[in-house]
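Okay, got some structures for you below.
There are two complexes below, and they share chain A, which is joined by chain B in the first and by chain C in the second.
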Partner chain A sequence: MSKPEFVYVTYIETTPDKLWQALTSSEFSKAYWFGTELRSDWRVGSPFALVMDGTTSDVGEILEYDPPRRLSYTFQHILRAEFRNERPTKVVFTLEPHGKFVKLTLTHEGFDGVPELLNAISNGWPAILSSLKSLLETGTALAIPLSALGTKGL
Partner chain B sequence: MDDVFKALADASRRSLLDRLHARNGQTLNELCDGLDMTRQAVTKHLAILEVANLVTTIRHGREKLHYLNPVPIHEIGERWIRKFERGKLTALSELKRQLEKRDE
Partner chain C sequence: MDITKFKPATVYTIYIASTPEQVWEALTSAEFSRQYFFGNTVEIEQKVGGSYIVRQPDGALHISGEVAECDPPRRLTFTFNVNWPDLIEKLGPTLVSYEIEPTGDAVRLTMTESHVRVLSDDILEGGRQGWPAILSSLKSVLETGKPLHVKMGPPTKMLAALKELGIKVP
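Right, the complex of A and B next:
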């Protein structure tokens, strides 16, 4: 068992149900995830896709779906040729209520030493999580242009 | 946010974050290795960093692993950096980094 490469934590003033909805619905994800739609029927074993402006950038498979506690899927980037043959990585979201906050823990693991992919991911998640927090707490997502992260469209 | 600034206002704690930035997911033993700090001091600093949510831990088998959590730092940036400034700031820090680079 390899250890996760990234563990991110944010405390969001919301309910587990609302946070769960934000993690699994395109209506929300378009606001906080650089305009990305999440496509899946959310059954374990079902396909999962990230779609931006009609173009699929990443695909995967739902591994765990336990609302509103634990969500996990695999993740494979398919747009950029150099990442297309890499093994899929794994993302796990864990939600724990703490008073009026929900602790959201995100782990991402399974990078086979692809530094550029690691780099792109490490730029992306903190921005996505901050924007998600802002959306749920204030109703406004942070408008972070993808280009500002220097990840070249990943 | 006060917790974050307090936690960052200490060179030893920043060096612990640097070590995690260089290699994420370390045990307490790994973090102490080669450091000029007692294990007790490291434990104390890690507790302050954890309260500020700058360090997070997970159980991995029998080990407790420490991770740098940059989300609060990102939130600080979002508060004072406007989106159209971001590109220029990235260019400026890159310029500074290149110019100040030592031959290593």
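Right, the complex of A and C next:
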């Protein structure tokens, strides 16, 4: 198996069930993921899409759905011309109870030869997951506009 | 100090609902650090050439270093050498840099750990396990007033790799 090219770990004061819900529900994702909706019926093999303001930005397929432990999907950006023809990449979320907290590990891999895509992803995930942590711990997501990240984001 | 010879090995970015001044305070104050840094305390002289020290809960010296860049509340860079015999001789010094930037209504904190030699992933495991826990807890302290007391097993791969190099580990 190839080595994941992006790994991000954070610890969140919540339960695995609540974190799972936040990772799979548009109601939550709209708050912490720059207004993005997650569209899927969450069955292995089903389609997956990210929709922002009514426009689909990324499409993929559910690879693993094992609540509240492991979630994986593929991811292909379809808006920006320079990324549209690249192969799908793979995202895996692992949730581990850690005392009163949950350790969330995200790995994202498959950027063979597309460092710009890896850069955009590396800029986006820390903001998204920091905002998710704030939402679950304080009830309020972070107010970070996508434009502030120094990338168009994905 | 010539910091250009250090090459980044681990980068961790986290966004915090706070101000750059409060993030700076959290990174540099003994009182704050005790809450989020596994009970350790940071003591720092905020000037280039000043000392950077981390003490364990019992007061024992854990990490010592020297401040290389100090530009509150934007940038703080210091050497970060764990106080284990032979560690610095075998691995060379470690450099840690914090960059603090306002981003939207939040603050982006980027921690970069750099080394002068190319170190194995096993040796880098210690920092890669520790920083996400430390900085996740720092974020919680600033946003909720409560730290996360993350209990973590020892970085076994790192300890084994250091032992192999003949470094005495606790």
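Keep in mind that, in the parts below, the second predicted complex is superposed on the first by the 153 of 154 C-alpha atoms of A that agree within 3 Å, B and C clash if a C-alpha of one lies under 4 Å from a C-alpha of the other, contacts with A are read in each partner's own complex, and residues count from 1 in each chain.
The working rule: a residue touches a chain if its C-beta (ideal position, glycine included) is under 8 Å from a C-beta of that chain, and two chains touch if they have at least 3 such contacts.
Because the structure is predicted, anything quoted here is derived from the model rather than measured.
Trainee: With the two structures laid over each other on chain A, which partner does A:F75 touch: chain B (first), chain C (second), both, or neither?
Mentor: A:F75: touches no partner chain.
Trainee: Contact-wise, after the overlay, does A:W42 reach chain B, chain C, both or neither (first, second, both, neither)?
Mentor: Neither partner.
Trainee: Based on the superposed arrangement, let me know which partner A:E13 touches: chain B (first), chain C (second), both, or neither?
Mentor: second
Trainee: May I ask you to decide whether A:F83 touches chain B, chain C, both, or neither, giving the answer as first, second, both or neither?
Mentor: So A:F83 meets neither chain B nor chain C here.
Trainee: Using the touch definition from the top, say if A:E5 reaches chain B (first), chain C (second), both or neither.
Mentor: A:E5 sits against chain B, while chain C stays out of touch.
Trainee: Quick check on the superposed pair: does A:E137 touch chain B, chain C, both, or neither? Answer first, second, both or neither.
Mentor: second
Trainee: After superposition on the shared chain, which partner residues are touched by A:H98: those of chain B (first), chain C (second), both, or neither?
Mentor: second
Trainee: Taking the two structures together, which residues of chain A meet both chain B and chain C?
Mentor: Residues common to the chain A contacts of chain C and of chain B are 8-11, 126-127, 130, 133-134, 142-145, 148, listed in rising order.
Trainee: Taking the touch rule as given, give the residues of chain B at its contact with chain A in the complex, in rising order.
Mentor: My answer: residues 24-25, 53, 56, 58, 60-61, 65, 67, 69-71, 73-75, 78, 83, 86-87, 90.
Trainee: How about chain A: which of its residues touch chain B in the complex?
Mentor: Result: residues 1, 3-11, 105, 107, 122, 126-127, 129-130, 133-134, 142-145, 147-148, 150 of chain A touch chain B.
Trainee: How about chain A: which of its residues touch chain C in the complex?
Mentor: Counting only chain A, the residues touching chain C are 8-13, 98-101, 126-127, 130-131, 133-134, 137-138, 140, 142-145, 148-149.
Trainee: Which residues, counting only chain C, touch chain A once they are in their complex?
Mentor: Interface residues on chain C, with respect to chain A: 12-17, 103-106, 108, 132-133, 136-137, 139-140, 143-144, 146, 148-151.
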